[in-house]
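The structure under discussion appears below in the form of C-alpha cells.
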C-alpha cells in the first residue's frame, strides 16, 4: 500500500515538474548565481602567456614537424615526409604559396625557441624542467585535441618536443562530438592550444578563417572560424581582397601578404599535410589516386579487376542520404558520384572539364563581367562580401574595382555572368536525354528554403539563372559586386525532372519540403554517370550496375559494390579478399601489414599528399 | 524378542565409513556390527553425529563423496551389498530396502506431483505404466491414511503438511513391499501429535507388510514405544545392544545409563537431571581406547586406566545383550570390575 | 524433591499479560491491501509471578514463540497490554525500552544462529554491556569472564569463535550473554530442543541452578511437554494462538482438563517400554492460523466435539483454584 | 494473479517512463548533434554556414525548443500547436523555446568566463509549432527521424535494417552457448572437482577473462588471414555475407549470398561470442546444479533405486533449471541490443554497431530509440521471468 | 546418579575442535585451491611490478626515442645503453616502462572502483535490506531500474560527456593529488582516470547493493540479530557490528570478481575510444592504440592484452577460491 502510494506520488511529481518546466520560458530564464559581472570583455583580454608573440614563435621553433610526420607516417619515404611538412597554410607547390623568401620559416631550432622564451621572461631555473616567469608562474599550457589515435600519436611526440623547450603541455584528448560540437569546444573557443585539421580545398579561400570579423564571440552569434582570435588588419584585408577578385595575380599578391603576416604572428602553427593512403588488390587497373583530386572515383569507369565482374570498395561510414543538399559527408558524395559524377575534375590541383564543353572563363568568353548600374534599394554584395540592400553609406566595389562609399546616387558595378554548356549525348540511366529543365529543377530545389539545404550562400548571391534552350546548360548571373574565385566551374547540378515517382507524381512537381524524405532522391537516385544504383542494403552495401547509357560508353566492370565495413576490420577484409579497394577515408596511413602485403604482391598501395592539413591553433585571448 | 536361531535378514560386520574432509578423516562409522531379523523393529539410538544416519545410508550404499565405505560387509539376504555393482543395487534400493527421511518435505522433489513420485518407484521396479502407477499411488496413499487421497495425489509437495509429506514418504517406501524399511528420524521434524500418528502408522504398516524396520532416532521415548531390539551408538560404534525391555530396565553401559537418566520423564519429576559431562568427541581426533572414556563417570569411579588405552570390544554381557565396555570385559592385565559381580550373582 | 513450587505464599506478579494480540497481515491484490491476517497470538492473558517458571507448551505454529517475542517487544504486538514490574511495555518509548531491556532477556532455540559467527564469544557476551554503556571495557570484560565461569566455561574461551564450541557450550554462551545484564526475567525460547539429550540435561540443570542462585523468573517455551514439566512451576498450553489451559505442573499432569492437553500428554512417548498407555491420537493437522476454525479452535480435531464448540469460543476460566481452562466441556 | 499482473504492468509503465526521461535527459546533455562539425567545414566561396543556417537546422530538429517540450514531442508527439477548442486557440503564446538565444559572458566563481544564455532574440511560441513536422511519439512506436545516420528518414528504417542480422548473430550465439554451456555445466557439477571439472572451469574462466576485442582479432588472424595466405581452408574475416563468389580450398566455390556463404560468415563471430558466453552459462548451471545435488530429494531419488542419470537428468536438472530458465529471458534485450565490440571487429551490420555509430555520430534519436527499446525489453523480460517462475516452480505463486 | 555434578567440572576436555579464527580457516581453505593460490602469486607479482615501477622502469612513460619505432624485445638504446625489454611502440616509447606504469593506473582504477562501488553498495544494500519498507522499495526499484539500462552504452555516453566537459563535475584538487600520487601521474592528468573510476563505480555498486541487501535479509532472520536487539542494540549498532561483518564474505568474493570486471571494462572503454586518454597510460589504451598493428606486430597489442587477460583470470580464480573458502555451507 505504502509502496503504491509512494510510486503514485513520485509519478505525479515527475509529471508535474515536467509540466512546470514546459511552461517555463526556458532560455529566457535568468542566469544562475553570478559572482561578478564582466568587468573586462572576455575574448578581448589577451591570453597571459599566448598573447606574447615570442612565446608563439618559440613554440614554432621548438616544433620538429618532420618528427611529427615520421611518428604518424613512419613508412613513408623520407622525401615524402619532407614534402608533407608545412610552413604556412599552403603546401609548397600551391599556386598561392608565397614562396620561402616571403614568409617567416621556423625551422626546428630549440635554441632559438629557448632564446625567445628567455626574452619573453620565461626562464628555466636551475634544475627545473619547466620554465617560469618572474611571478613564479610556470609555463604550462592546455592542449586540446580529439581522441583519434592519429592525433594521440603526434600529440605525444609534440608534447615531448615542447617539454624539451621547457614548456609544459597539459594534453587533453576529448571526444570529437565535444571538440567539434555546435556549442562546445572549438566553436566556443574553449581551448588554449587546439589541434585539428582543415580539409584542404582546391581554392585557398580563407576569409572565414583569418579575417577579423570572423572571430566567433557571443556578440556576433559565434559566427566565423577564426578560432585563434587573430586580428591582423593587413592580413584580414588581404584575405578578403584575395577572395574578391578574379585576377590571379591580385589573388597571389594578397595571399602573399596573408601568409607573411600569418607566419610572422604565428596565431596557429601549421604542421603537416596528411597523406591519403589507398590500397587495392594487386590486379586492379584503372585505379589511380592523384593529388588534388578529391574524388578518387573520377575514373571509376576504367577500373578493372581481371577475372572479376564486380569491384568492391570498402567504406567505414555509410552514406546517410544521397540527397546532396542535406548530406555533405564525403562518403555520401562518393556514393552519389558513381551515378551523378562531377562535371569537372581537379587532378593535380588543376581543373579538367569532363562533362562540360569548356570552363566558363572570362578569357574564353564563357563568363563576362557586365557593367550594371545599381541604386539604393537594390540587392548587391558589398565590399565585405555580404549581401545587402543598398543604402547610402555602404561601401561597395565599383566597376573599376575601387572600394567606394555608396552615396545614394546610382553607381556602376561589376556583375559576373557565366554560361555553362554540357557536352552532347548525356543521357539519364533510363534513356531520357539530359535537358536544361533538369538544371532548372536543381536550382529551384537548392534555393527553396523548405528543401532542407544547409547553406543558401549561392542562392543568396544569385541574381538570376537562364536555362538554355539551344544547348544543355544555363547562364548564371551573380549579384552585382560578387566575385567567386571559382566562377568558371558549374554551379547547379541536375535532377531528373522527368522521373515518375512510385506514387505517380513527376519529380518536378514534388514540393521541396518532401525531397529529403523522398526515397527516389535520398536512397534511389538515378543519374547519368558510369553506374546506376540498383540496391542499397542498409548497413551493408550499395550495389551498382553499369549504366548502358553512359555518355562515354560502358564502364569496364559491369558491377560495383560499396561495402560498409568497420575500421577495425578494414585491413583484414582487404587481405581476406572481401573488399578490393580501401581509400583514404578508411586508411589512416600506411601500415606495416599493408606494406608487407604489398611486398608480397597481394595488394598495391598509394600514399599521396592530401589537402587536409594538421595545425595547432593558439588562442590569443582568454575565454 | 530376537530369535537368535532365525537367520538375520541383514548382517553388518565391522562396517567402517569414513569421510575424507579437509579437516581430516572423519570416522563417522567405525566398526559397526549389527543384525536385523526378518519382521523385527530394530531401534538405533544415539546422539547427533554418532553415525546412525551414516550407517543407514551405508546400507543403502548412498554414501557420496567425500565419504567412503572403507571396510566391512553388509550382508543382505545372502549378498554383500558393499561388493554389489550399481545395477544390482538399483534393484534393491526402493524395492527390497527402502528408506524414509527426517525432513519429509525436503526429501520430496518440489517440482513433481506426489503421485508421480510414488509412481516412479513402481515404474522402475515393477514396470508399471503411468496410469497403473497413478492408481496404485492413490491406493497406497489411502493405505497410509492420507485424507482425500485422490486430490492429494495431484498436489505438489509444498502443498502438504509435514505429517502428510511423511505419509507420502512412507507410501513411497512401502510401494514395492520391501523386506526392510529404514526410517531415519521419521518424526523428529514433526509435532508431538503428528509424531504419534506417524509412529502408529509405521507400526500398522509393519504389521501389514511384515517388513523389518530399522528405526533411527535420538528419542528414547520413541524407541521404548516402537522398538523390539535396540542398538545404542556412540561416536561411530555400537556400545550396547539388547532387547528393548532389558535395555531400559537394566542398562549396563555407562553411556546408556547416562542417557536414560538425563531425560525428563513425564510424571516423574526430579529436581535435577542426570548429566553426562562434556560433549561428543570430534570424530577426526578420536581418543585412543574407549571413545566414551573422557566423559565416563564409572571410569573415574573404578579408576580404570585401560579405558583410555585400549578399545573395548562389543561382547555378550548376557545372551542377546551386548556391550562395549571394560567394566564388563576382561583383558590380559585388566579384570573387569563388574563382570565378576555379575558372574558371582549368577552363581548364586 | 521440588521445593520451589510448593512454597505456600503466592509471590507478587512480575509480568501481567492481558488480551495480547499479534496479527501478521498477508498482503495481496492490486494495491497490496491486507487480504488476511495470520492470527499468531489472539487475546492471550496470563501472569508470571516473581521467581517462578511458567512453561509455555504447544505445537509449532501455535504462536508461543511470537508470544515470547512480543513480551520483549522484539515483535510489536498488535494490541493488548504487557505489564512488567508495573510498567506498561507497549507504551514505552525506545529509550525507556532500552533501559528496561536490562531487566528482561531471552535465550534462543538455535545456539548456532543466535551467536554472531564473526564475533569472539567474549565480545558476544559483553555486547549487552557495551550497548547499554555499562562500565569500562575492562570492567565489562571481567563481568563477561565471570559469567562464562558461571555457566561452566573458562576464561580463555572468551577469545574463541562460536564455531569452536559444541551445541551445549553455545547454548551456555547464550545464557551467559543474556545474564550479563543481570535481568530479572528471562524468556527461554525452546532453549534445549536443538540439543542432544545428554546436553539437554546439562542446560536444564544450569538453568535451574541459575534460577535458584539469581532469583530469576522464566518464561520457558517448549514443545516438549516432559521438559516443560520438569522445569516449570506452572504450565500454560497454547493451541493456535490461544491459551487453552494454565495450571501448576502437577495439576496439569494429574488432572488435565482440556482435551488438547490430554492428547498432548498422551502423545508423548515415555521412555519406558513396560508402560503401555491408552493412546489418544488426534486426527489431522493443526489448522492454519490464517483462517482459524470458528468457535473453539480445537474443535476440528477434538474427539469430544459437540455443536456448541464450533459456534462460540470458550473463555479461559478458572475451573479449579489456579487451574484455568478454555473448554465447553469443563463446567 | 490478475491483480499481480496489473500491478506489475503499472510498475513497468512507470519504469519505462522514467527510463525514457533518463535516456532523453542524458542524451540532451551530451555534446554533439546534427550541428556538430558543421562549422568544421571550412567556408568556401560556395558553401558558408551562417547563423541563420544554424538556426534553421535547430528548428528543423526541434533543438530550439525547451527540453520538456522536446521530450513530450519525442515521447507522445505533443504539443503540435496550440490547443484548439471550438475553433478557438488556447495557450498560443506559451513560450516553448528560443530560436536565437542571446548569450552573455560572466565570470564564474572559479574565476573562469562562462557564456550563459541570458535572453532570447526570437522566442518560439506554441502557435509556431503548428505545421512543424513531429513524430507520433516513441510510445506509439514512432521513433522519429534520424539526425545523421539516415538523415531525415525514420529511425525505424535503420533499426529494421540492422535487427535481422543481430537476431541471427545473438540468437545463434545464445542457442549455441546454452546448448554447449548447459551440458558442460551439468557435467562439471556432477563430476565436481574432477579433472574435467577443473579443465572446463578453467576454460570458462579464460573465456570470461578474455576481452572480446582481443579474442576476436586473434580469431581472425588464426582462422582467416593466416590460413588464407597459407592456401588452407579459411573463414571469411568479417561481414555478414560476401558480395561475390569466392573459393575456399576443400570447400570449393561459395556463391555470394547463398546459405553456405552466410553460414561461413557467421562462424567466426558466433564462435567468439559463444566461447565467451559458454563460460557464463556453464558456470551458472554448475553452481545451480551443485546446489540442487546437495538437496535431500536427490538422495531420495537415489534411495528409490533410480538410475544415476535419471536422478541427474530428471530430478536434479528439473530443479537446477529453475533459475536458469528465468535468466534465459534476460537474453531478450541482448537479442535486440547486439554485441557492440564483436560486431565492430567482424564488420557485422547489427544493432550494437548501429548504437555505437549513433553515439559516435551524435545521432541521438537513434541512440535514444535503441536505448528505450532495450529498457522496455528488459522490463518485459523481468515480468516474463516472474511469470516463468510460476510455470517452472510449482512452489511459487504470484501474489 | 551423581545429581550434584557441578557445572564447572564439565570443562577441560571439552574443546575438541582445533582453535582457529575464522580468518585462519578461510586462509587454510583458500590455500587448498591451487589455482587460486597460483593466481594470488601472479597478481602479487604484477602488483609488485607496478608498485616498483619507478625503480624497474628504465625509461619515462612519455619518453620518446625518435625514430626508434617498433624496436624488438631487448633492443638497446644506442645513446644511453638502456635496454628496451619489450621493445618500443609505434612512436618509440619504451614498452616495458609504459606497461608497468600503465598497470599501476589500470590496477588503481580497478581497485579504487571496487572500493568505492563495494562500499557504496554495502551501505546502501544494508540500509535498504535492514530498514525495508518504502525506503527499500525506492532504493531497490532504483537499482533494478539502473540495471535495466544496458551499462556499456550508458558508460559510453557518460564518459564521453565527462571527459569532454571539465566543468560538469569539478574534482577537488586533493582527490586529484592523492590519486596522482598513487598512480604516479601529474595531478591534472589524473582527471580522466578519476572520471573513469567514477563512471565505473557509479554502475558497479548496483550489483553489490543487491547482493548486500540479499545478505542482510538473510542475516536479519538469524537470531543473533534478534539477540542484539533484545540487548537494546540500535539499528546502527546492528548494521555495523553484525550485518556488515557477516555479509562481508560474498562481498569480498564479488569484489574480487569485480576487480576482474573493472580491468576489462576499463580496457573495453578504451577500445571504444571513451576511456582514459593517452598521456595517462593504461593497459586498455595501450591495447587500443596498438590494436591496428595486430596483423603485423601482434606483440604490440598482445603485451598490454596479456596482463588484462591474466589479471582478469587471476581475479576470477581468486574470487572462486575465496568463494569456496568463505562458503557458509561448509562448516566453520
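Things to note:
Going by the order they are written in, the chains are A, B, C, D and E; count residues from 1 in each one.
As a convention for this text, contacts are C-beta pairs under 8 Å (C-beta built on N, C-alpha and C of every residue); 3 or more make two chains touch, one makes a residue touch a chain.
What you see is a predicted model; the values in this text were computed from it and never measured.
Chains A-D form the pair joined by the most contacting C-beta pairs.
Relative to the C-alpha centre of subunit A, the farthest chain centre belongs to B.
We define each chain's centre as the mean of its Cα atoms; on that basis subunit B and subunit E are separated by 52 Å. Separation between the centroids of subunit B and subunit C, computed from CA atoms only, is 32 Å.
For the pair subunit B and subunit D, the distance between mean C-alpha positions equals 60 Å.
Each chain gets one centre point, the mean of its Cα atoms, and the points for subunit A and subunit E are 46 Å apart. Under the contact definition stated at the top, the residues of subunit D that touch 2 or more other chains are 7, 11, 18, 30-31, 112, 213, 217, 225, 360.
Contact with two or more other chains is made by residues 258, 270-275, 277, 279 of subunit B.
Subunit E has residues 5, 10, 14, 16-18, 160, 164-165, 273, 291, 295 in contact with two or more other chains. Interface residues of subunit E facing subunit C in the complex, by the touch rule stated above, are 5, 7-8, 10-11, 14-22, 25, 222-224, 226-234, 237, 241-242, 245-246, 248, 331-332.
Only residues 62-64, 66-67, 69-70, 90-93, 133-134, 137-138, 160, 163-165, 186, 188-189, 273-274, 277-279, 288-289, 291-293, 295-297 of subunit E touch subunit A when the two sit together in their complex.
Residue ranges of subunit D in contact with subunit B, taken from their complex: 192, 295-297, 299-308, 315, 318-319, 322, 392-395.
If you check the complex, the residues on subunit A that touch subunit E are 2-3, 6, 64, 67, 70-71, 74, 147, 149, 152-153, 155-157, 159-160, 163, 170-175, 177-179, 184-185, 568, 571-572, 575, 588, 591-593, 596. On the subunit C side of its complex with subunit B, the touching residues are 1-3, 59-60, 166-169, 196-202, 204-205, 208, 223-227, 229-231, 249-250, 253, 263-274, 279, 281-286.
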